[in-house]
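The structure that follows is given in the form of structure tokens.
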């Protein structure tokens, strides 16, 4: 009985978060804050959140603590820094005539359990230094690495995953 | 400034014609379908350059997923008949 | 060989016609009479910022009604044609259990695609709703929005091809919105200028979301109807079974 | 001041297009499919994001819509690359000779030996090479 | 000045388009062509942004929104077909 | 601009017709038809285009009073919009029949469909 009640609360919270995110997106799409816009936005967002309860949003499993928000900001700063760095490295590889690549598919471990956190981790890996998520299975991520430095699991985990994981663990768990 | 749009339009036109030739000459049907989808996506940008954003949006919404998916579904059902 | 020769001959004739058309083509420098009427009167009479929408929903609303009917017929015919093959496939399914024996390699789990589609489907639905509710202000409208709504169903189908959709819900949405479309059109005869007249509601100020009379309402229902029709087409195709390979 | 911001926006557009060009170059030069996906997905994402940033600097009133385009892009682009890479690995497309390790294939063949007695790997690779 | 920068940027984007097109027309395997298709659609979003900048119409960006959110469906459809899922 | 679109449309129609008439696989014929369909739509929109004018949508940049001088002909766009949506319906119907034919005969090669040949 207790667990049932708890899961019900969980579902309710999830739907509510979904609704809020969709409303935010709706206001961004419209670009105005008139009464009519908000009225129709509430209608549409409520309908979608009600009809598709298994949907995820960016804040579904977000822990709404101050640390999480701080980690979120630091995560995005780190992410964009790494994105630019990876692009410059890849551009230098592409432009150099000898094409100095050393590709390989390595296996790394992740501690994240929440769906959103895993998705964000995989996306971050795909978009940053010379790495591409090939497959995500249980706690293992298989990563294609253009400039492979080592194929040892622990070393590769330290090199690829830990930077993002430390922030995402605080944010999503 | 307008010449830039015309230049891009010519580029798109060349790629559409190239994709059409690929679509009727290539051996694998999957690539033919992909090329047809590409033609419809680039046609949508050409519609936008012709000052018809409504048509561009229709073509983008339909050509991006729906048509390609219908073709691939039927192709997957008749997979044994791939060679021609 | 003769066939290819005739094809080339036909195409040469077409090339001659097309070249003639192309070299005699002169771009208009002024709008023709119909277009001038639309440009002058849309903002004051209809109150819609998007003139294409005004033409589709009001000036040529009957065309749209016909088009929606054609789409409905297409979706029904597809359902009808495929209904028999679905039953037959189910009947055939139990005796010959076709396992994937030649496919021993495990297929990727696709956890990322599942999570990603859970994230993206609400956003796609929201974008579709935005497109058809703002059909009278921005590019877009019921047909585009309907196609985007169907794309959300398409993403779900891609994630899990054997997913079960509720046929009842889809056909209910489809028929209800079609009915409301026609009822709104008929109400226009009694309370406004004629069939599908948009001045059933006040036209409002140009550029706000509650403007252009009944156009946003009609376009929303057209969007739902078109989305339901495309979705039912895809689902009918997806629920067919793969043919048994007997000759192998 | 606004002229300076406009100039910065133009520079951002130029930088974005340059990254797109590097991505295209990488797509042509890289030796096998995984490396091509790498070149294709990263540089195009950053390139398009920079282009959107430049457009937002030139026309600040569009910035909300441009931000939304960027968010959608960040979430859809890696997804399609990941599905493509996964499919490429599943079909056993030949990797370039520079590739030293492939843990995924190792793990798969290991689990295969446990569950299935037949050896399916060679058959699949032959099929793909015949298809080229 | 800004106009010149936009023109240069459009030329560079056109170069990227041509490279991807080359890979699409000649790519050895089918999946190479799929990757080239992916890159081509993303470069097209840049083209839409350029069109909006040059014509100075913000409403053109709605098309870019549809592109950004839906253009990956075609790639996933063919990837799933090649992965024997249909 | 409209020259480019018109030429492309004509070439796409020609290529599509050639493909539809010379290919033997029904799926290929449907692909060729959809290419020709795109070409026709392109031509109709290109005919309505006028140089140095903009899209028929009124907002801050195009006030309703100056619409007469600034917008292009909206009618071809409305026609093409419906034509595209109907085109998808037609393609889906053709694909359904192709699937049905394959179920009956087990092949999609048109040379094996000779019941109506005389």
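Read from first to last, the chains carry the letters A, B, C, D, E and F; within each, the first residue is number 1.
Following the convention adopted for this analysis, a contact is a pair of C-beta atoms (placed from the backbone, for glycine too) under 8 Å apart; a residue touches a chain by one contact, two chains touch by 3 or more.
Since this is a predicted model, take the numbers as computed values, not measurements.
Touch-path distance (fewest steps) from subunit C to subunit E is 1. Shared contact partners of subunit D and subunit F are C, E. Comparing the CA-atom centres of all chains against that of subunit B, the greatest distance is found for A.
Averaging C-alpha coordinates per chain and comparing to subunit F, the farthest chain turns out to be A. With centres set at the average Cα position, the gap from subunit C to subunit D is 31 Å. Our note on geometry: subunit C versus subunit F, Cα centroid distance of 15 Å, whole angstroms.
Each chain gets a centre from the mean of its Cα atoms; for subunit D and subunit E, those two points are 13 Å apart.
In subunit B, the positions touching at least two other chains are 2, 5, 28, 33, 49, 51, 53-54, 56-58, 61-62, 64-66, 69-70, 73-78.
Each of residues 25, 29, 122, 133, 135 in subunit A touches at least two other chains. In subunit C, the residues that touch at least two other chains are 50, 52, 103, 107-108, 112-113, 116, 119-120, 123, 127, 131, 138-141, 143-144, 147-148, 151, 154-155, 158, 230, 233, 237, 240, 243.
Working note: touching chain pairs come out as A-C, A-D, B-C, B-E, B-F, C-D, C-E, C-F, D-E, E-F.
Residue ranges of subunit F in contact with subunit B, taken from their complex: 1-2, 4-5, 7-8, 11-12, 15-16, 18-19, 22-25, 27-28, 30-32, 34-35, 38, 41-42, 45-46, 48-49, 52-57, 72, 77, 80-81, 84-85, 88, 91-92, 95, 98-99, 102, 107-109. Residue ranges on subunit D touching subunit A, taken from their complex, read 19, 22, 25-26, 29-32, 34-35, 37-39, 41-43, 45-46, 64-65, 67-68, 74-75, 77-79, 81-82, 85-86, 89, 95-96, 98-105, 107. The residues of subunit C lying in touch with subunit E in their complex are 103, 107-108, 113, 120, 123-124, 127, 131, 138-140, 144, 148, 151, 154-155, 158, 161. Per the touch definition, subunit B reaches subunit F in the complex via residues 2, 5-6, 9-10, 13, 16-17, 20-21, 23-24, 29, 32-33, 36, 39-40, 43, 46-47, 49-55, 58-59, 62, 66-67, 70-71, 74-75, 77-78, 81, 84. Contact residues of subunit B toward subunit C in the complex are 53-54, 56-58, 61-62, 64-66, 69-70, 73-74, 76-78, 80.
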